[in-house]
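Structures incoming, each one as structure tokens.
Both complexes shown next keep chain A, but they swap its partner, so chain B is in the first and chain C is in the second.
Right, the complex of A and B next:
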């Protein structure tokens, strides 16, 4: 017999997990929505943020939440360089080229991390973040609350940046009609570079929190990229706020599958949902709303 | 004229010198190794190869036979593992192969070694299906029953638990050990109310841990790998899971594990094959020598995976030597296999001998508990190096 407390705790864990998913896929969804580039190196940029936070924690004892700006800046820098050195040269050719090239960048980065930080799994362990708070038999850790807040803040800031700022509007116009944007005087090459760098920055934000809640390793990136891609399609290309809702649906659905059926079907739930959405609503749950 | 004479003498001298040089050169044994150096299993594969290198170097010193060690990275990928074995056996013509980590990699790799009739001694695969194929070239130093017996034996004899919750990774080796331990526990009259599989890459373990809580289990047994332990321990801590003990299978409680998890690794149990000081007294000096050489070479403590790598290289090189491997043209894989099957020695892991299927006849794992950051062997009692702390988990627990 499953107790009510267990069901509530399970739903809560699913909601929190879903918000984590949203944070991890924010950068990929942004780049895909704006530039139509499936950035297969997204997970590696995120892992870079995690390693930066780990390094800052080990060297100077810096809390991962405080290292967020630096982690994001490093990931944005790596993203900037990747675009400037490689992607810019093939941007106008077939879309498949960018997919293959970013996949190659991802392999290069994961091997670079292997050389720099070895194959060991790195946990950004901060005790106060792991400590639970109890509310009537329901437990939640401070780290989970912090991740929840960062995810929401990331989505909201990005949403308002795209809607309200001059630069954000330029990015959206370029995404809708590149030629018209160029005719209107927008430097589309610069916008592309900026958008890809922002994608890296958003990925970098997730790294320290991933390392705090779980771990980072050179091989972590690809799994993140796949999950992020699934969630992006599920939410609907271009729908940034939809990511949180889609993430929550996925997270709670997975948790309920484990609670009421068995954990063997957890992944199956995600893929069935993915297929159903593709069949019933190919544009995703929240359509296209750049 | 005089100059031509001098050049002829010089040429003849060079040819004679070259002939003598090659004729008198130290004999060479070609040994192949494959292991993950990149990808998800790289951490274990790197340790394995480090141990293999120490084993090859020690063999060179003791036997005055040069070892031509060819190492390929299988990238934690079964297809790459097969390609590595095909390259080693087919192109490099090595006399034996060591390495391999993970049953899903070693399975197809050992099939390739069988096709090329090359002896294959692995230390990183315990799936029982591997030896069921009865390949004549397949040998391994550790197997599943040895690990399962250590876990179920400790739960029954040492902890006296009544209910055990078993969570296991869906990969083949972890599934097999989970089923084996469950059968042993049930046969011993211990309840297993929760027996749940989870997929590799799971990040939210709370829903399954809540089942353990609802069932009132005394022991949480997780048959998985490093990432699974990190996830389950962290989530169990958040839920303040009311259990008396947390036990894992492989890759738990290692120095890296303790370094990464700190106090959250305290009191957990894990299986191992070897820890410093657990060698039988006949092999204490060999153990100490390996540890000293390893530490001098890599500036780190060797793990049990490194020890396994070292021993696999040592045993197969000795067998190849007996198989005529040091003189080109005389090598016989059949003699090498016979030498391995005829082996009966006591090393740091205890007595080592292989049966007809290449299984280690006397292998038994040890169970340790992390206490103040150290691995204290607590089971079996005759190899124990300290007393168990029970009930105790890294969080509050029962």
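Right, the complex of A and C next:
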């Protein structure tokens, strides 16, 4: 028999984990919402951030939360280069091309990681993050709280950047009407480059968090890309705050699957949810806004 | 990308030459079992690439998860033979039909939307199929895998008996025959009215819908035929290697390599993908693996990126354009 405490415990963990999911998929959702490009290498950019944090921890004992800026910078750099060298040249051609191109970049990166750093699963945990806080029989680790705070802040910052800053407004207007934006004097080519690089930066932020909570490996990337797409569709394309709600639904659903069925079917929940959303409400929970 | 599928005689000539080369390859190079095993995997890949390109080159839809169909075909055929005692040839056929079932499960929800939804849904579908195969241990033995899958039974032609169990040569020529069969199916489909509808969908979906082409149905047909051919090759693979695990049958390799082969060979041609796959397998086996033993697949990613940006028509496409 499963006790009420266990259920509350797993709901709570699911909610906290769900906000991290929102951060993991933020880059993909952002790039898709703004540029209509699905970045199939999204997960690989995230994993790159994770490896950066791993090396900083091994070499200098740096806390994964402190390595966030550098992880984000590296992923943004990889993203910037991918756009400048490849993507820019086929930006305006058929959608199929950008999909295959970014998929190819993802394969290149994941196998590069495999060659450089082997297939080992790398955990970036530090000791204090595993210390639990207790509230009447329910445990939360400090790591869960810390990553939750970072993820939540990440989503909020992006949201307000898009709503309030001049550059954010330029990005949004370019997404809504490219030609009008160009006529208004916005350099749309630069906006594209900027948006794609921001997508990489956001992905890079997720890496250290994922590594601290579980692990990163060369194979992690593609799983993250799938999860990110599921969340983007669930939230509705273009809805940034909706990602938090969608992430929480996925997080709690997965936690419930683990509690009531078995942990092996954890990943199944997201996919079934995805198929249901495609059939019932393809615009997602909060769709059709940019 | 813009390309025109031209049913010029030059392409038919190339197809004839390709199959002639395939038939004579063991004579030219070697009947050495090691080389033959590379040739057989090249043919399996060549056939799957043809099938993958029916969707992409034919209909403009990218699949990142053909491993799903390959694995379904492999497991279904192996289990039908081992648990139900079916004749392997019949099991292969039924396994291919089960691949079609898988195609309907994923195609019907995903094709309702345009854009990248299908490409990513099917990637997720392949992961889920791998997950299910790993966990339904009573049926599939889980991640331990299935050992000692029987070979195809010998084919008797007059007085000669073609043994699959002992002879790699038989397997090689059977794989070549399968590839030819799949080429024929795709050739006929692309030259039919449905094939014409597919080309319109590839060109512009809205225009296609506007002139009365049933877009959704056309895509589903392309997917089911593609899945049938892929699952058939998966089934052959099971009886050829005698061992399956979720990681081998649903390996990302079966999703990625048909894309690389098709892009490299020429997505706008009919026979190009198989040539691309044959060449790529050779390059991988004899060159890439010498450079990076563990990460040799990074070349495929690089190749995809370079081809799509600088040579989107592929090798064969380029050559045919010059003529």
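Here is the rule we use: the second predicted complex is superposed on the first by the 278 of 290 C-alpha atoms of A that agree within 3 Å, B and C clash if a C-alpha of one lies under 4 Å from a C-alpha of the other, contacts with A are read in each partner's own complex, and residues count from 1 in each chain.
Note that contacts are C-beta pairs under 8 Å (C-beta built on N, C-alpha and C of every residue); 3 or more make two chains touch, one makes a residue touch a chain.
Because the structure is a prediction, the values reported are computed rather than measured.
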item: Fit-or-clash call for chain B and chain C when the two complexes are aligned on chain A; value: clash
item: Partner chain in contact with A:223 - chain B first, chain C second, else both or neither; value: both
item: First, second, both or neither for A:167, with chain B first and chain C second; value: neither
item: First (chain B), second (chain C), both or neither touched by A:145; value: neither
item: Partner chain in contact with A:275 - chain B first, chain C second, else both or neither; value: second
item: Touching partner for A:153 - first (chain B), second (chain C), both, neither; value: neither
item: Touched partner set for A:255, first chain B, second chain C, both or neither; value: first
item: Touching partner for A:123 - first (chain B), second (chain C), both, neither; value: first
item: Partner chain(s) touched by A:214 [first = chain B, second = chain C, both, neither]; value: first
item: Chain B versus chain C as contact partner of A:66, first or second or both or neither; value: neither
item: Stretch of chain C, among 117-125, 135-143, 153-161 or 189-197, that runs into chain B once the two complexes are superposed; value: 135-143
item: Chain A positions touched by chain B in one structure and by chain C in the second; value: 110-111, 114, 118-119, 223, 262, 264, 267
item: Of all residues in chain A, those that touch chain C in their complex; value: 36, 38, 40, 86, 89-90, 93-97, 99-101, 103-116, 118-119, 222-223, 225-226, 229-230, 233, 262, 264-265, 267-268, 271, 274-275, 278-279, 282
item: Residues on chain A engaged by chain B in the complex (per definition of touch); value: 1-3, 6, 9-10, 13-14, 17, 20, 110-111, 114, 118-123, 125, 127, 130, 132, 134, 139-141, 144, 213-215, 217-219, 223, 251, 254-256, 258-259, 262-264, 266-267
item: Of all residues in chain C, those that touch chain A in their complex; value: 1, 56, 60-62, 64, 109-110, 112-113, 115-117, 119-121, 123-125, 127-128, 131-132, 134-135, 252, 256, 259, 263, 292, 294-298, 300-305, 308-309, 312
item: Sites on chain B touched by chain A in the complex; value: 38-40, 42-43, 45-46, 76, 167, 170, 196-199, 201-204, 206-208, 210-211, 213-214, 226-227, 230-231, 234-235, 237-240, 256, 260-264
